[in-house]
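Just passing along the structure, written as structure tokens.
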Amino acid sequence: MKPAAFEYHAPDTVEEALGLLEAHGDQAKVLAGGQSLVPLMNMRLARPAVIVDINRIHALDHLTPDGDALRVGALCRQRSAERSAIVAARCPLLHAALQLVGHVQIRNRGTVVGSLAHADPAAELTAVLAALGGTVTAVGPDGTRTIPADEFFVSYLTTSLDPRELLTEARFPTLPEDAGWSWMEIARRHGDFALAGVGVVLAVRRGRIAEARIGLTGVGPTPMRAVRTERALAGRAPADALWTEAADAVREEIDPEGDIHASAEYRRHVAGVLTRRALAEACARTAKAA
Amino acid sequence: MAVREIALRINGRTHTGRAEPRKTLADFIREECGLTGTHLGCEHGVCGACTILMDGEAVRSCLMFAVQAEGAELMTVEGLADGNRLHPIQQAYWEQHALQCGFCTPGFLMTTLAFLRDTPRPSEREIREALAGNLCRCTGYQNIVKAVAAAADTLASGAHPDAWPAFARSVAVPAPATQPECASASDAPNPPVSKKTRAASGTRRKGARDQSRPAKRRRS
Amino acid sequence: MKLEGTNTLAAPIETVWKMINDPDALRRCTPGLKELKEIEPDHYEATLNVGIAAVKGTYKGTLTISDKRAPSHYMLVLEGSGGTGFMKGVGLVDLEPQGEGTLLKWTGDMQIGGLIAGVGQRMLGGVGKMLIGQFFKCLEQHLGEDV
């Protein structure tokens, strides 16, 4: 259970890190929190020849409000974001989901952006980014680019990042004051990856749903937005029966895999249940906010 | 891969050793520093037996490389007792019979130390939440939870002002004073409780619905 | 793990049959295939470096085509082992004409064991389907170029 040998670099600046990534390409892996990468390395399932440790690039450790979004730097620890009053007030969906990411020890080292870059199909933060319509910023040899969530997550553990690129931050849109939200997930044990998870944002104006966003995790190779269900909810009046309808619609929209932890049928069923409950909870929150 | 000189601050003292970059922090602490209280249970970040404090926060030392810890203040279980005098947390674990083989105990103690520093008057639910990242195969956890509660009482009494030496203090941002609401009818006015804890935890708590067998639930 | 799928290929059945028996097509399209050395007709030594993202393993083994009923059916067995585990895939491929093209139906039984299976269990089915999907997509492209 010891990692294979690697060449180790700990650059102090983004420029240095990019130089290393350009030089080594797909032989290099970026190390931030290490809570996903190092277990793989310890088990020798991943054997990067070069490690680019970005933990000394202090410029990346920030959490910055920016208009209608929060910019989360690549080194912002999950625990820092979890404890942040700004996140709690302006991005409560992220705050709620963060508390369910692994355990305290993992969140003390793991980074928000690292979780996005790792793109586990059952991660919480990827689904939050998708639900909020957030973006990530990647810097590479060809410059800087902003990638929206639905283009960033490509497949299991796979993003659209080039090996020579470094994610420097993620941008999480903040919620309007009157929006309701809810994060619900189910796992076999507390701290496990979700069997299915749902993040909902709901805006209700003049008694009608102005906007609904439903982000799911654990039901496919990437986080997904249930766009057809979202469209079906627009303009409707909130009601328990509507949430049940949405639950069925989500079940139609997703195509989950089964494994030893849960069958496809179970995931499909539970995703619907969680959708229904999350919509109800989000709606209750809009009533409070109004 | 070059062997290099690595100097770490552990329990207030500097320890030096030579290791490759791939040497994990846990291995370095045990082998180069001779501090074998930190244990290796799984080496892939699940069991928590390797938990130490780094700049006051509980981390899994098996998931860090020793080179990464240079410049930080580390604390291991050896830093708890004062000579022969047990730390109040150790004393509580002892009195509550919260260890049997003791293999997981150092990890639990370090997690508990950081937890009680930040949450001096925890509810039982908060204790269980805080300990969720540490596994114990012997005790069944009941006595560990009791020990943490007992330690909290002892420490809250103010009789142990040196319970958190300098190398156990956190540099992190404290939690916000007010928590956003987290919808759960049965929540006490404590900080947000994971909805998932109720929905998915296999732990049987008195009065808690057992939701670990979803197929048999009547409600949907 | 049982998987199955269908693909419609824009070429007549004889062309498709020829292609799926062609070691060059197999070399090009088998995901992660590093080496395919013929031992005897329809029996090859294979080395694969396959996985997803950073999680890759090298597997050494064999690829065998048998039970041939030209131009519509064969069985393909790919097995290998390496540091991260072992794998054995048995695929049955059936071709039938469909209009101007060919309908390719495949069913597979994949067994994966060892470390990668223990740790990566929750992604195996999905990743397996994805890799097989990549295989057929590549064959389609290959066809497009030849025709």
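For clarity, chains are labelled A, B and C in written order, and residue numbers in each chain start from 1.
Keep in mind that, in the parts below, a residue touches a chain if its C-beta (ideal position, glycine included) is under 8 Å from a C-beta of that chain, and two chains touch if they have at least 3 such contacts.
Predicted model only: the values in this text are computed from it and were never measured.
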| item | value |
| --- | --- |
| Chain whose averaged C-alpha position falls nearest the assembly-wide average | A |
| Winner on C-beta contact pairs when A-C is weighed against A-B | A-B |
| For subunit B paired with subunit C, centre-to-centre distance based on mean C-alpha positions, whole Å | 47 |
| Distance between the centres, which are taken as Cα means, of subunit C and subunit A, whole angstrom | 33 |
| Computed distance of Cα centres, subunit B from subunit A, in Å | 25 |
| Sites on subunit A at which at least two other chains make contact | 43 |
| List of subunit C residues in touch with subunit A within their complex | 51-57, 83-84, 115-116, 119-127, 129-130 |
| List of subunit A residues in touch with subunit C within their complex | 29, 37, 40, 43-46, 48, 119, 121-122, 155-158, 193, 220-221, 257-261 |
| Footprint of subunit A on subunit B - complex, ascending | 1, 20-22, 24, 27, 40, 42-45, 48, 51, 54, 57-60, 62-65, 67-68, 111, 114-115, 129-130, 132-133, 172-183, 192, 194-197, 199-202, 212, 214-215, 220 |
| Interfacial residue positions of subunit A with respect to subunit B in the complex | 1-8, 10, 34-35, 38-39, 42-43, 51, 53, 55, 79-80, 83-85, 88-89, 92, 95-96, 99-100, 102-106, 108-109, 182-192, 266, 269-270, 273, 281, 284-285, 288 |
